[in-house]
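Dropping a structure here in structure tokens format, bear with me for questions.
A, B, C, D, E and F label the chains in the order they appear, each numbered from 1.
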Amino acid sequence: MKEQKHIIELSKDEIINHFLLVNKIELRKTKTGKDFISFEFSDATRSINANMWDGIGNLNNEIQKGQVVFVKGIVDEFQNNLQIKISSVRSVKEDENVSPSDFLPKSKRNLKEMEKEFKDRIEKLSNNYLKELVSSIFVEENFKKFIKAPAGKSWHHAYISGLIEHTLEIIKICDLMCDFHSELNRDLLVSGAMLHDFGKTIELNYESSFEYTNKGKLIGHIVLAAMLIEEEAKKIKDFPEELKLHLIHLVLSHQGKLEFASPVIPKTTEAIALYQADELSAKVNAYKNTIKQGAKEGENWTKFIHLANTDLTKTNISEYREEKSSTTLFD
Amino acid sequence: MKEQKHIIELSKDEIINHFLLVNKIELRKTKTGKDFISFEFSDATRSINANMWDGIGNLNNEIQKGQVVFVKGIVDEFQNNLQIKISSVRSVKEDENVSPSDFLPKSKRNLKEMEKEFKDRIEKLSNNYLKELVSSIFVEENFKKFIKAPAGKSWHHAYISGLIEHTLEIIKICDLMCDFHSELNRDLLVSGAMLHDFGKTIELNYESSFEYTNKGKLIGHIVLAAMLIEEEAKKIKDFPEELKLHLIHLVLSHQGKLEFASPVIPKTTEAIALYQADELSAKVNAYKNTIKQGAKEGENWTKFIHLANTDLTKTNISEYREEKSSTTLFD
Amino acid sequence: MKEQKHIIELSKDEIINHFLLVNKIELRKTKTGKDFISFEFSDATRSINANMWDGIGNLNNEIQKGQVVFVKGIVDEFQNNLQIKISSVRSVKEDENVSPSDFLPKSKRNLKEMEKEFKDRIEKLSNNYLKELVSSIFVEENFKKFIKAPAGKSWHHAYISGLIEHTLEIIKICDLMCDFHSELNRDLLVSGAMLHDFGKTIELNYESSFEYTNKGKLIGHIVLAAMLIEEEAKKIKDFPEELKLHLIHLVLSHQGKLEFASPVIPKTTEAIALYQADELSAKVNAYKNTIKQGAKEGENWTKFIHLANTDLTKTNISEYREEKSSTTLFD
Amino acid sequence: MKEQKHIIELSKDEIINHFLLVNKIELRKTKTGKDFISFEFSDATRSINANMWDGIGNLNNEIQKGQVVFVKGIVDEFQNNLQIKISSVRSVKEDENVSPSDFLPKSKRNLKEMEKEFKDRIEKLSNNYLKELVSSIFVEENFKKFIKAPAGKSWHHAYISGLIEHTLEIIKICDLMCDFHSELNRDLLVSGAMLHDFGKTIELNYESSFEYTNKGKLIGHIVLAAMLIEEEAKKIKDFPEELKLHLIHLVLSHQGKLEFASPVIPKTTEAIALYQADELSAKVNAYKNTIKQGAKEGENWTKFIHLANTDLTKTNISEYREEKSSTTLFD
Amino acid sequence: MKEQKHIIELSKDEIINHFLLVNKIELRKTKTGKDFISFEFSDATRSINANMWDGIGNLNNEIQKGQVVFVKGIVDEFQNNLQIKISSVRSVKEDENVSPSDFLPKSKRNLKEMEKEFKDRIEKLSNNYLKELVSSIFVEENFKKFIKAPAGKSWHHAYISGLIEHTLEIIKICDLMCDFHSELNRDLLVSGAMLHDFGKTIELNYESSFEYTNKGKLIGHIVLAAMLIEEEAKKIKDFPEELKLHLIHLVLSHQGKLEFASPVIPKTTEAIALYQADELSAKVNAYKNTIKQGAKEGENWTKFIHLANTDLTKTNISEYREEKSSTTLFD
Amino acid sequence: MKEQKHIIELSKDEIINHFLLVNKIELRKTKTGKDFISFEFSDATRSINANMWDGIGNLNNEIQKGQVVFVKGIVDEFQNNLQIKISSVRSVKEDENVSPSDFLPKSKRNLKEMEKEFKDRIEKLSNNYLKELVSSIFVEENFKKFIKAPAGKSWHHAYISGLIEHTLEIIKICDLMCDFHSELNRDLLVSGAMLHDFGKTIELNYESSFEYTNKGKLIGHIVLAAMLIEEEAKKIKDFPEELKLHLIHLVLSHQGKLEFASPVIPKTTEAIALYQADELSAKVNAYKNTIKQGAKEGENWTKFIHLANTDLTKTNISEYREEKSSTTLFD
């Protein structure tokens, strides 16, 4: 796909020659009875409204939500918001080589690096039953889905490759906890961390937007992952029954509370470690992104955020930050 | 203090020549009307009941709860529990050099090492206002209390030097989160981690048992710490008002929810990180210790644990653990 | 097993020549230091304490909880309660043909009749996929467990064959709802009713008392049943994917709320019908039995019942009941 | 009233010659300052917006919400919704014999049949006190209200004659539970079922829409029914005090929980049976209707339903339904 | 009844010649098989255990819980608690003129004074409908019950004449609120205050202890009072319907929340005023008495109080109280 | 400021020559692309929308939210609501002597009278430590803020001088409770009442609208007041430590429950009295004002009020009120 300015960088009166993802398309009528088409487009940075007033022909039947189109037009302003006045719009051609998922938000981390970190950590598992089980679940076909999937629909790591980014954070936090507590079974805990949200690759559809699948709604990612582990463990000769129970328990209990949709709650030290590591990774990511996106220019507070049960602040205290940005825990 | 067998290592018919801490002392009467004294003693490993049937004289007025005594007697058994049949008991002499706190449970970590880790981390703070503030709060007199205090009365890190052990875990978890997220203000977050539970040195009494003080019950460690920061920051020339606000906010919100006694809930990314890091450190420690102490010999499950809302298991899966015990995240 | 008076029918000074189940066995000491053994025995009607003062030999090592023994002795009274003064006790011999489960409470309904009702209803399923799936799960080996299992540990239908009794009630209530509402998919709903608690045959141990298994605690009967359906459906050629989803959804959501340990909540009319039918059957059985067992002689109110959040009354209004006891809905 | 096409069957450009119920009427101004009238009309199938641009005269003072009018006009479309462009509108004449309640949604069951079922069941009550009491409350004047009332404002059985339909379902479920449990007092339970929601005839106004009355809001249908039973029982010679207490208890506790507005919770087996039967009937009806009305064309999921705490699915699995539609529990 | 030392004033070795109320009576056996009787006695100040070892004859059948007896004996001590060693005990004779309720705790306020205050306030009601209604409910027979009743079983004003004491406090608080807010309907609010807990005279039995009646448990004091107002208002010619609705609403909603067993919640300013005034009076009385009774000698904190959700302190700050004890709001 | 008609008294076609407060200002475009300015203005009685179509020049940059302007124009009507058609608007001049706070809603009570009541009550404090502490906090500069502040943003006493009005009500209620209960420490309780909400003078900004400050959001008025008492008490020689603890406890616990943002809950009788008095004053004020403002003309019920969890009624029962309006508790 050719380089193009991101929607977030556009300003009034700019010329549009863009590939964009269709979020909504609706045939409307002006007060005077004339048909026009109202769109919502998006790219990886944000969404924008657009109207096409002339020459709409049969476009509303040819173009559908979730599809990428090529748009020509100009940027306009309406009630303080930018929008596009479309002069023409067409479906993409196959050789233009664009896919809807190019227009979804993406992890800022380097994907190759994340893949390597993940595979290296599998290699380091020292219990052979667990290593074989984890490897069989992350076979190439599944791994491809895994590295693309978001970790959620909208709250945390809700972007392409968010799931692997989130999973890596949890693995590292769990490894740190194992350094503190020799009583923790590191192989078990890390395997549980790797698998805990794998069901999200089935629960969510993330081709052209992030939506729950029917399977996701009727069964849920937790039970989907548990079923998969049960199935794969049966294929491994002499997989220890008790080890399987504990691993499935980690996956089932990783949301920590019944009201968060875990059918059992943590009953082992590994299980509580996984739940709390998940919370830590998820909440910090969610707050960070909510503050970035949620506060309007010139205001220090976001609107009320239901999942945080408060508004959040972006008051700038960056002038009091450490000077040595490279300081880490381990230098 | 001389070496002596721990209570947890005693068996029936052993001879007792021990310094022990008095948890309870009560004058009772047998059915036949004879006076005897019933004690509960403890050392750092556990508690044990004891009875003194003869020669009690005026002992019940001389000896008090919270005092260390020297006990002679023999180990007996009653309804499947060991107890001590006392032949004599006396208060300790000054030159015997024992103190009640020697009989309280203690952190397994090396205290000198923890002190050094903590002081080194203060040194690494790069914001000078914060470094000065933190240093002024951890002046020698306060630091002495801090390194002795438990982190709680009974749930997590509820032992001598538990507070510094817990605080160090949180600092490291927070540093790891700062490695993941450059948006976090590392100095602010780490300073908040250092101070978040400092009020527990005032909230709790930990001389001869772990009890809340009146101040602890009527004000609570959260507000006590906030008042202290307010007071010390005023003494530092030009301490930035906004930085102080954010630091006090970290302390006030670190229990995460109003119903957990935080008067405000996290409204910054640093605040949510501190709350979740605290939860992770506290819960893993609490579950680990509850499982160690709570499951009876030959049973795989503890009794129902109210703070976990379930029973916990100690089913042994250690045969499936990694072989290389030294594996860490960073090798 | 020979006929013997039930514990509930015993009175003071009666001679005991009974097979009884051992609930508890404990070696104790009198104040004067003599060893004796304290038992709790039970049969299907209730439990009773017993003491053996003489000739205990090595009995406390030979006899274990969960075993049936033959007891000789006499009924005594202590603090208003009956207890047994044991003269001798021995393990049962193989040819005496008694099993611990004979001493557990049992459903009052005729088991053969219940088995027939259940199998007839399977036969009436008109969707062949569902009939094959249900039949494959209720193969003889599983059916044997199913017809013996209780529906719970203590609250409702907590007796041998309670699970099939409960399941039959729910099937009939669901069939009635299908008569009211032609929109309901009868085959799907009835199949869901049949399978909804099948996991309890794995979750509970009911050989000599009702206890959760490790699998029951770490995974739970809901997910255990879901895994089984997933596995069996895979073996049936062309089993419709969507039908399987809906059936698993029925099982997963049948406890109606996340906080009742369902990982998903009802999202179809069949699912809400199954949940509410389950509640109706369970609660009426639980209240009826609680009132029967819970109210002391001469008192009209039970103690406070936590699961009902109130005390319950057995005030007798039976003099105002219908005269024709055979009146039913359908005559 | 003459036959006319239902609103739900209309399509663009159809001619309107309809009696319709006025839900809303409002005088508005166009941007150019001209007055027009905006209506919302409804019939038993749904509601539709309508505008009258010309010749409005004094109509906005002559016509009121809750009144039936005769409308002429044509069906138009605006932003994907149909609406009516009115050419004339007038109040109905007395001899046109239409009433607002003809335009409210109605039970699909045959009313005569329901009346007969209900009266027959009263006849079958074998306790004469209860039969007399129930009969005195369902005297002709009250019965007329009862057979017309909806069972609620919007959630379940929220249509004309919904109350009797709902009550009959509960009676049948209760009768089935009495077949299972001989301990239940059938006459008492069925009488309680008959009376439990009678207060809704006072709590609701259902002449031209479903609204709470002042009495309904300040006292509520539960206490209104209890007062009525108290009053009527006093008129019956020797009505047993305890029987009255139990009957009033059934009515007061039938919403099952304090937070659902029952001032006492179920303390008898009959009371818990009535509550759970009520829940079963209400929820199945509510989910069924919500799914019918709530899912848009071409979508499988309704919007989020607050009272269900989820969205609901209408995914079509009807191809896997039983072939013999007449199968019932009892054939 | 003759003067006698209160139980709370007794000390070891004092001679007992007392009328006492029997709270419990139980026939027991010593380890050696001899029968004895164990009692719990009480007077208005507290309760005490007592044992009768000799000459018990048939006493356990002659004497019953709730009866007053004349006891001879001596005060003894057992495990730090006083108890009575009985030499003889007999039922009271009619001419001894003692009644069980003399032995229940009583309000510290002068009853005659409270009666006068209450009747004077009725006289000051200026709305004649309300004055007539209130007067008809407080007819002599009801008033006698009202001035004796406690306001509750154990939490607040749980003593004889506690109900009138509590009601008078609320009336005065409501009158003060009417002084602040002229919008409040004073007559309505004060009438509601007078009647709000009248149902407690029926809900509770307070002859020889404080217990709920069957009517109290199955219907509750709130609905009992509402029914009575409904009944009495019907007897008053032209009693305004709307006024009655508002008065019943005050009674029904006075516990403020559904989960506190009010079937409707406050929907008028008078209703919220009554609820909050009730809370204020109840809580202050409850905390005051709990602190008085709950803290052990030498300790500053009560045990955990469930209804307060905390422990309470009696730390003595009386040295910092005002010197002029007569200071009031109005001097 | 000159006299002018209040917004609430305006009607269509009236001429506007008014000082008004700017709540919102926004530059918009008509459909035809012409710029206009949309305002929301307010005075102490209510708000009104306004549009300026011509001659807008650079006004949108000159005028800002929170400023007072002088407006000329005419009252217009749009969709049943009045709005202003502006002909000119200009900023106020300094000598016009108007301030934004003149346009905020105000207490109906006489401020001088309230100031005198408050100061007189301080004078009556008999404990000198408390009197000195309270006086030092209410020094002139703070008192000025205190007498202007609202007690909240929108729920109760949400108007200029609402805080002192609310505080005085609580003081009087507390004094009345002290008359009932001699155990209460009057000086302590009244001092706590005076200080309990003082932190709101810092938590809120009330210059041109009622908004939370950053300090208010990040720390909250409860801890702000506690810090201030701590600081001021330190300046008073020999201020008794325990007295300070109890006073700070009153402030910290005055919202009564953790979930209402009190970091500790009431543990003394004074603390529970203060919490309940606060509730009584706040709720009655809130309900009264909500009913006044919330019910539309001709309707008897407000919309659903979330903080009351119900709708409220203004049904008129004033014809049944007392005739003697001067009746008070004390005549």
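Just so we're on the same page, a residue touches a chain if its C-beta (ideal position, glycine included) is under 8 Å from a C-beta of that chain, and two chains touch if they have at least 3 such contacts.
Note that the structure is predicted; figures quoted are calculated from it, not measured.
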Intersection of contact partners for chain A and chain B: C, F
Chain labels contacting chain A and also chain C: B, D
Chain-contact steps, minimal, separating chain E from chain A: 2
Duplicate of the A-B contact set - from D-E, E-F or A-C, the pair where over half of the pairs recur: E-F
Interface residue overlap between copies chain D and chain F, same or different (over half shared): different
From chain D, the most remote chain by mean C-alpha position: B
Farthest chain relative to chain F (centres taken as mean CA coordinates): C
Euclidean distance of C-alpha centroids - chain C vs chain F, Å: 61
Euclidean distance of C-alpha centroids - chain C vs chain D, Å: 40
Rounded Å distance between chain B and chain E, as computed from the means of their C-alpha atoms: 44
Residues of chain B whose C-beta touches two or more other chains: 214, 217-218, 242, 246, 267, 311, 313, 315
Inter-chain touch pairs (all): A-B, A-C, A-D, A-F, B-C, B-E, B-F, C-D, C-E, D-E, D-F, E-F
Chain F contact footprint on chain A (complex, rising order): 77-80, 300-301, 311, 313, 315
Interface residues, chain F side, partner chain E - complex: 124-127, 129-130, 169, 172-173, 175-188, 240, 242-243, 246, 265-269, 272-273, 276-277, 279-280, 283-285, 287-288, 291, 308-313, 315, 317-318, 320-325, 327-330
Chain B to chain F touching residues, read off their complex: 214-215, 217-220, 222-223, 226-227, 230-231, 242, 245-246, 248-249, 252, 258-264, 267
List of chain E residues in touch with chain C within their complex: 26-29, 214, 217-218
